[in-house]
Every structure is written in C-alpha cells, then in structure tokens.
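Okay, so chain A shows up in both of these, paired with chain B first and chain C after.
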Partner chain A sequence: MNLVQQLSQYILSGLSTGAIYALIGVGFAIIHNATGIINFAQGEFVMLGGMLTFFFFSALKVPLLLAVALATGVSTMAGVVFERLAIRPLKNATPINLVIITIGGSILIRGIAMLLLGKDTHSLPTFSGDEPIMLGGATVLPQHLWIFAVTLVVIVCSKLFFSHTISGKAMRACSYNRRAAGLVGIDVRRMVLFSFTISAAMGSMAGIIIAPLTMTSYDVGVMLGLKGFCAAIIGGMSSGLGTVFGGLILGVLEALGAGLFSSGYKDAIAFIILLLILFIRPQGLFRRGESERV
Partner chain B sequence: MKSFLRNEAVRFILFSVMILALPALLAGGYLLNVFVFVGIHTLLAVALNLLLGYAGQISLGQAAFFGLGAYASGILTATYGQNPWWVMVAVALTVGLLAFLVGFPILKLKGHYLAMATLGFGIIVYIALNEAVDLTGGPSGLPGIPNLTVGSYVFDSDLKNYYLIWGVTLGAILLSLNLVNSRIGRGLRAIHDSEVAARVMGIRVRLLKVQIFALSAVISSIAGSLYAHTMTFVSPTSFGFNFSVELVTMVIIGGLGSIYGSFLGAALLTLLPEMLRAFQDYDIVVYGFLLIVMTMFMPGGLVRGVPELARRLLARGEKGRADA
Partner chain C sequence: MLRKISFVVVSVLSMLVVAVCAFAAPPIKIGGLFAVTGPASFLGEPERNTAQMVVNEINAAGGIKGRRFELVAYDTQGDATKAVQAANRLIKEDRVVAIIGPSTTGDTMAVIPIAERAHIPLVSCAAGSKITAPVKRWVFKTAQNDALAVARIYEHLAGKKLTRVAILTVSDGFGSSGREQLKANAARYGIRIVSDDTYGPKDTDMTAQLTKIRGSQAQAIICWGTNPGPAVIARNARQIGLKIPLFMSHGVSSKKFIELAGDAAEGIILPSGRVIVADLLPNSDRQKKSLLAFVKDYQRHYRAEGDHFGGHAWDAVMLLKTAVERGGDNPAAIRDQLEKIRNFAGIGGVFSYSPADHAGLNKDAFVLVEVRNRDWALVK
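Right after this comes the complex of A and B.
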C-alpha cells in the first residue's frame, strides 16, 4: 500500500468513528441545551445499545433487525426512567449536583448491565456481510456504509425535528432561556424528558452500529462517552452541524495520529487535539465568542 | 458550648485529637489500613476543595497530579535509588510548576469547557503512564518502591504510616483553614461569586486561580508520593479518570467549601466500598444508587445535611411528645 492509499484508509475509518462520536456528542448537546447539565450517563446508553442488541440477538435468537429495534427501545426507556427517577424530582438542584447524579446514574447503569448481561466482551455480526468494497484505493466495509447512512439519517431527522416541529421549536426555546420558555406556555419539564429520550435513543443507535466493528462490553461506555463529550465541546455545544463536524474532525485526526505515530497513544492524541482547540478557541470551533452577562 | 465549637482553633484541636486517638479504637487490624487511605483521600479532597469549593473551578484531572507524584517518587527511588524525602519535595515542586504552566491556558476556560480540558489533561497523563513502559512498567505497574525511613526508623506498618500520613494531612488541613480565612480565601470566594466583580475589587483573578490550582497540584503530588511509599507498588489504574471523578464526588458529597466536609466525603467514599464488599458484584450498583440518593437528599453535602437531618428528627420527636 502506498502512502496515499494508507492515508485514505485512515481518513475513511476516522470518518466512521467520527460519525459515532458525532451521534454521541449531539446527544450530550441536546441534554445540555435543555437542562444546562452534562449527562455523564450518556456513554452508558451507547453501551446499552450494543450490549442489548447482542443479548436479544445471541441469547434470545431474535432476528438482527428486531434485536436492534428492541435494544434501541429498551435503552430509550432506560433514559426516560433515569430522567423520571433521578433528574425530575430535583427542582432546585445546582448543576454540579445534577452532574454528580448523572455520574451516579452512569455507575448504576453500568453495574446493572454487568450483573444482567455479564462481564464478557462480545462481538456482533455486521449488518450486511463482511465483503469489502474497494473505493479509490481504500477498502470500505459495508458496516462503514451503515454507519454513515444511519448517522446521516439521524442528523437530518433531528435537524428537521428541531426546525420544523412544534416540540422541536419548544426545545430550542428552552435552550435559549428556560424561564422565558415557561412563561410562553412551554412545558419545560416535558422538554427535559424529551431531551433525555432523544439522547438515549441517539446514543444507543451509535452503540449498535459501532458494535460489529469494535466489540462491546459493559464498560465501553466511558471512553465513547468522553469522546462524544469532546465532539460536543469542539462543536461549541450545538445540537447540529457544529458537533457533527467536531466528531468527524476528532475521528479523522485520531485515526491519522494512531496510524502515523502510535496506536497506543491514540486516545491521548484525541485529547491533545481537544486541549489545543480549547486553548486557541475556548468557545469551540464553530461558535462566535459571546460577551458574558454579569 | 456552641460558641466554643465555633472557634476554629478549638475545632481543629478536637479533630486532631480524634484522629490521633482513632488507632486505639481500631486496635490495629484491617480498618486501620482503610483509615490510612482515608488519610490520603482526605489530603487529596482538601486540595481539590480549595479549587472547587472555594474558587469554584472544577478539575476532573486531579488524579493526574496524584499519579505524577506517585510515579515520579516511585521511579526516582526504586529505579534510581534517590533519597525519598528530597525526591518528594522536588517532585511536588515540579508538579506544581507544571500545574502553574498548564493552568494559565486551562483556567481561562469556564464551566463545562474547563471540566473537559482538565479531564483531557488527566487522560493524557494516564495514557502516558500506561504507554511509557520503559519508565513506568506500563499497565503491570511499578514494584519495589521503598518505605520511607528516618535514620533507622522504617515506616513499614499500618500504624506508622497512619501517623505519618495523618500528620501530613492535618498539616494540610491547618494550612487550608488558615488560607481560606485569609485575604486569599476571601479572594477565592469572590472569584466564585463573580470573576468580574472580583477583578473590579482589585483581585488578580487569573493569577490567583492558577496559584490555587498549582497549590492543589503540589498537595496532590505529595499525597501521591506518600501513597507510593506506603503501597510500595503503583499501577496506572489507581490514577485514571474514575479516580478523578471519585475525588470530585468526595468533595461534593462532603460539602463544597468545607474543609472538614472533605474529610467526611473522603471517609464515606473510602469506607463505603469496603462495607459493600459483602454485596460482592452488587457493590457497584449499591454504590451508584447511594451516590444518587445522597445527592438528592443532601444537596449541601454531609457537613450540612447531617445536622439538618438531626434537627428535623429532633423537631419531629418534640412534636410527637407535644401531640402525646
């Protein structure tokens, strides 16, 4: 393989992991915009997606497509239950306390998954075979195409939801100013529940489509969650294209770094990039600086 | 009695006496060993509390400073045979300098961006500890770190290490109490409330934030050195993201902006996993559950929540008596 082929291979695999980071990151941003908190349990929904699909598919012998649907459904329910039991009862909690609660929730979900689904690492079959497709010198797995397609569909749907439906607009109103949104008759608590529902669904989908390529176990959520957080920060906490580009940039640079320098330092490279971006543009790459109100 | 207890010096003396007398109650054994770790965790939590509780700046990378202290001490004494006491001081100053330099760009950030940057720094250090195998021994760890000695006296038992570590921790608590009740402490609280207002009052906000960040790094590094010499073995898993999160949890569960709260938080979160051993695999579930419930019902932390709870129970008791 010559250098160009190698590079295009790295970029391609980087784009596919980047798409995953983007999906997770958008989930972070949606919850952050509706509630002002960083949901550290976000990575656990990603883990639940992959692990539950494996559980339904291998243990219960459900067809793959149905297993995917069931896993997404159950993970989304987990998000709803979490919001109902741990976030909603706290009306006047400070953001830092809510963050601690999401950390507790993440430990709890991970623990329950470990008890019910076991400590082993599992692999999922790819959705449509392992026959590689040659694309301009780089090999593409059909699973990569699935990742791109699912990410694209999810992002487009969320874009349409946020700009064309009344619920989506209400959620955006909450993200600008929760009190004002409440004053014009928007049920803010319901929007918070929506945000957890959508994020959990997005996270679990990300977990499902990446699982055939990377394996899955009860503890994959932490690192994937952090990378998603990274993507959202680079994107300036936008629930739209900023975070998508953030995820893609992160994925590609990480893959290039791992391929050209050292795979052991792959995760470190991602975070060094993040620090550099934060030092140069503290408000994220895609956001204009705002003056602070005091 | 109440005003007597309000006196900072009295409280500190009472606390010290309690700590120093504790080994007599524990009568050696396994709990004494746990309380050695409570000491190390208290030291770390107090350091983080200065930053998080007083200055209002979050750090999700404290485990990195702890790890750098532990590994640098371990490598320089075990591999290169240097004097551990000098190493501890030199390492702490170097880690402090590093924090000072990193602090300038990092502490410019606010809120979640600050959390992410410190988190990123912590993960970079953690990965370096894992990957620099020649120096650190990689994931399998670094064995053979000597115990601390003074002359021919070796700190090789739990009891000796208990007094060594708690000696340092009580020193750090005293330092922190003095600090938060001084001009600097008032400056930190002003930054917590409003950076702009603090600047208007003539506080050099950026410098003060970086200084307190560096101080917390120095204390954490010393905690790391003590940990390395007590354990005589270090491995990267003790210094990962999870431990950084655990430290933040200790400070918040204990009570933000309360030095003794940090002790309560550290003690609770160190003792809890030991008590949950009986639950075996269920311990992580119970731990997560308790974390949620405690944050829900004691949002001000143990240091405010427990007296509040006691007051409520007393009030209910009196009401019951009145009804009867």
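Right after this comes the complex of A and C.
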C-alpha cells in the first residue's frame, strides 16, 4: 500500500462526501439568495428525504423508485408548508428573527419525525449493487457514482433555470434588490415560496441518495446541514459552481485531515475553515469583493 | 335528614376502613431512573419497559411475602441535572427503599453522591467501570464492564497469534472508555496497538481512517462504537477491500447492526451478552433459564426483541427482589443482602457481589459471537 494509492483513496472519498455537502449547500444558497435568510431547517429536508423513502419502502412496501418519488414529493410539500406557516406570516421580520424561526422549525420537524417515524437508524438498499469499483488504486461504490451524477444534474439544471427562465431570472432579481424587483412587477413572495420548494426538493434528493451509504435516522439533519452550510459559506452563497467547489474542498480536506493527521480533528477542520472564511473572505473563496448580496 | 347524615357517616367510615386495609400492607416502593427519551433512549426505553414488566409479574405472582412491589420511574432524558432532580424526588417525596438506574454512566456518577448521602441502595444499569471502582458502600451495577469485553477479544486474538491491532473508536463516552480499556489491557495479552484512530458519532464516511489502517502493519481491527457508526465502518471496510479481520464491541450486539451493515457484517466477531444467542446456548448454561424467560416475556409484552439493556433492568429488579425477600424492606438491610448475593444467574451474567466487588461479574459474562448468514453464531 503506497502513499499514492492512499492519497487517491483519500481524495476520492473526500470528493464523494464533498458532493453531498455541495448538494445540501446549494439548497442553503438558493433560499439565501431569494430571501436573505439562512434556512437552518435545510438539514431536516435531507433527513426527511431519507427517512420518508425508508418509510414508504419498508413500511408501505412500495417499489424503491416510487418510494423515492413519494418521499421527494412529501418533503417538498413540507418545505412549502414550512414557508407558508412559519416564514410568510411574519411581516417586516428582520433576517435574524427569520433565522431563529428556521432553527425552531428544524427542531419541530425533527421532533415530529422522531415521533412518527421512530428513533431507530435505518438503511436503504443501494440503487445499483454493492460491488466496489476500482479507480486507480482507490475504490468507490456504485452509489457514489449516483451521488456524483445527481449532484451534476442538479447543478446543471439550476444553472439553466437561473440564467434562462423567467422565474429563475425573477428569483435572481429578488436576490439583488427585493424592493426593486417588486416594483418591476415580480411577485417577491411567490419567489420566496418557490425558493423553499426548490431547496426542499434538493435537500430531500440529497438525503435519499446518501441514505444507502450513510444510513438515516431522525437526527442526521443537524450535522449534514451544518456541513452543507460550511460548503455554501466557502462558495460565497452562490447557487452554482462556487458552492459545489466549496463542498468538494471541504470533503477532501476532511478526508485528508482524517487520514494524514488525526481523525479526531475531522469535524474541527470543517469549522475552522468556516471561521477562517468568515473572518478573512466573507464573500467566499471564489468571488471578488462585491459582497452586496444582502 | 338523618338518613342523609348517616349515609355520609357510613360512607366516610367505609372509606377509612378501605384505606386502613390498604395501609396494612403498603407496597414496597422502588425508584427507577431511566433515560427514556433523548440520545440515550435506546438504553432507557427497554430498561423502563423491562423493569415495569418484571414488577408487574412479581405482583401477579403474589408480590414479595404478600406485599406488592411498586415502581416509581422518572425519565432522566440522559441529562445529569435531571437525573439528580429525579433522584432527590424519589428519595424525599416518593420515599423509595432502593433505586434502579440511571441508564448512562454520566447520569449515574451524578446520582451516586445523593444515594450515598441518603443511604439508599442504587443499582445502576450503566456500564462505566468507575461506577463501582472504587467500591462505594451503597452503589451496585448490573451492566458488564467494558474491560471484560476487551479481555474477551484480546484473549481470542492472542489465541490466533494476531498481535498487531488497529483500534478505531467513536469519540463519545462509550468509545473513549473502550479506547482507554483497549490501551490499558493490550500489554497483558502481548498485543501492540499500531494504529489508534477515532471517528465522530455522526460521521457518514470512515474510508479515510480505514485507508490509513490498511497502510499500517495491523493484523486486525477493533472498532468500538454504537450504531450506526460501526455499520458504516463495516461497509467502508468491504468497499476498500480490507482483508484483515474486523472486531466490534458489545455496543452493536443487536440484530439492528446486521440489518444496517447487510452483507458487510458477515464474518465480523464481537463480544456479547448471552441474550441474543439465548436459544443457541447449551442446556448446561446456568443463565439459559433466565434468558429464555426474559426473551419470551419481552416479546409477549412489547412485540420486540428483548435486548441487553432491558436485561440490565431485569437483573436489577430481580436482585432487589432477592435482597428484599432475604432481609426485609429497609434500605440498609437491602444493601447488606445485595452484597451477600452469590451465583445469581441473571441476564447479564452470573452475579456474585462481595464487599470488595459491587460489579459482580467476570469475563464469562461475555461470549464471542460471529455474524454468519445474517444471524449470530457462537464462536467456540
């Protein structure tokens, strides 16, 4: 076992974890850009995706593909309901109030999931087998390829959506200046609802594709949410490539740190990076100094 | 009018009579402190269920010398502050004669000073060895020490001449206690720890640690954690094609682990209490009768598999019952009788307490089991 082989395994492991962080991070960024708030309930949508798929698949015995579709649908509905009941009724709330409400919402969602779906950890079957694939001395599982693929598709779709559709452009307008967007006839509140819908759907997809690898339980959302948040911060809250690179960098650094230094510091690495970025480059690694992004 | 008054008088009198009758044989109150909710609920819930089940059964069978057992159980939520409050309430308001629990080592350590001061026997269901080392006059425990599980694994490794091991422990209370014991006992079995890694309880990918271990000289890996971490590790080990044998701790000795790890669990060996292999045990096994009774009852009452944690509470209630039968219902007598119990074949093992040993078990409390065809098999 030589060092090159070890390194390639670290990097490959890191990239696959990083892709998950990226997918969750993009959800954070979309809501932040449309509303100016950080939705700390994002991790709970990830949890809902995995837990609901398990519920439909195991308890109701529906086929896996249908279970995935149902879980995505229900989680997305949860996102819509969350926006309707917790975000929209607050007129003139400051961003900090909204952030605290999302934290409260996340605790509520977690509690409901615990009561309805139980406290056990569950696992889903992998989508296409368990046979490891060799890639230059390192190995990945077919499920990792699913993660990469879904991340790629989601990023491409969101890029197309934000640059080439009216709704996407309207949402971007809201992120630059909500008042001005309102003045030119964009229904800002609808865009906010829209952003919650998209993020909840994305979060639940992330939760579903990682559940076969990482298991799922009612409380997985907290840590994954925080890591996704880190990815979004590194990427400067961009809903595109910035956050994706942020997630990948975070994943690789974690894996390298755990492998080459000490695994005890794995989580510390993520949060040290988060603090450094916030202190030194609050606009994110990849953006020039215009941090006028509300 | 007179009729009305006499009616009231008669009914009051009859109520008094009923009350006096009930008072003639007051129930023997024992307290329970279990982490029924919160992060340690996987311990507290089966413990509370089992304790209540055993108490009900004792009462249904006529109680102890005609007196009922009454369990007053509070939820500690795995929070030491709440455990302390509940313990005070049990002692001062409910006036219990003994306390079962708490479920976790942290809660237990917080409650010990209270039990010691109030002179109330405490039979903890937590595993930490510091609970009864050094011996505290009023404190006993029923869960097996981690050191006994470590001894079982090391004995097996030494027998197979596998002397270089890598350890991978979870960074919480359970894992760090295991890590301490693994490091402290290695030399005694001629074992050298060549790689010492940890992972977080919520980590989702441990290939980095395992890749590092693959690059080391280790001949076996010992992983110390509770679900789901070890299941992820089992799958990751299979993914990167790790060939050396993988050992787990008793922290994952439930069917849940096999369910989570799937095929990756095959061939993994771990020390475990006897509950999960009750029906595989030879008839000569002294615990077999207790074990089968517990498993069957739990299945009937809760439609779930009885586990080790419930077993700790089963042992605690039955030990208290034995002590009360022999010495009566005052706390000091219960304590003295607990200390005199020898060869009590329970769920966690065969208990023999003594003034110098309030843990009461030796390494025979564990058997080594292997995962074969998605089920447990005894390792000879």
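Convention: the second predicted complex is superposed on the first by the 286 of 294 C-alpha atoms of A that agree within 3 Å, B and C clash if a C-alpha of one lies under 4 Å from a C-alpha of the other, contacts with A are read in each partner's own complex, and residues count from 1 in each chain.
Here, a residue touches a chain if its C-beta (ideal position, glycine included) is under 8 Å from a C-beta of that chain, and two chains touch if they have at least 3 such contacts.
Fair warning: this is a prediction, and the values are worked out from it, not measured in the lab.
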Which superposed partner A:135 touches (first chain B, second chain C, both, neither): neither
Contacts of A:9 with chain B and chain C, given as first, second, both or neither: second
May I ask you to decide whether A:105 touches chain B, chain C, both, or neither, giving the answer as first, second, both or neither? first
First, second, both or neither for A:222, with chain B first and chain C second: both
Contact-wise, after the overlay, does A:264 reach chain B, chain C, both or neither (first, second, both, neither)? both
Based on the superposed arrangement, let me know which partner A:160 touches: chain B (first), chain C (second), both, or neither? neither
Is A:152 touching anything from chain B or chain C once the two structures are fitted on A? First, second, both or neither. neither
Contacts of A:213 with chain B and chain C, given as first, second, both or neither: second
With the touch criterion stated at the top, can you tell me which chain A residues are shared between the chain B interface and the chain C interface? 222, 262, 264, 267
State the interface residues of chain C toward chain A in the complex, per the touch definition above. 41-42, 171, 197-200, 202-205, 207-209, 211-212, 214-215, 227-228, 231-232, 235, 238-241, 256, 259-260, 262-264
For a test of understanding, state which residues of chain B touch chain A in their complex under the given definition. 58, 105-106, 108-109, 112-113, 115-117, 119-121, 123-124, 127-128, 130-131, 194, 196-197, 241-242, 245, 248-249, 252-253, 256, 281-282, 284-285, 287-292, 295-296, 299
So in the complex, which bits of chain A are touching chain C? 1, 3, 6, 9-10, 13-14, 16-17, 20, 119-123, 130, 132, 138-141, 210, 213-215, 217, 219-220, 222-224, 254-256, 258-260, 262-264, 266-267
Considering the complex alone, what residue numbers of chain A touch chain B? 32, 38, 40, 86, 89-90, 93-94, 96-97, 100-101, 103-112, 114-115, 222, 226, 229-230, 233, 237, 262, 264-265, 267-268, 271-272, 274-275, 278-279, 282-284, 292, 294
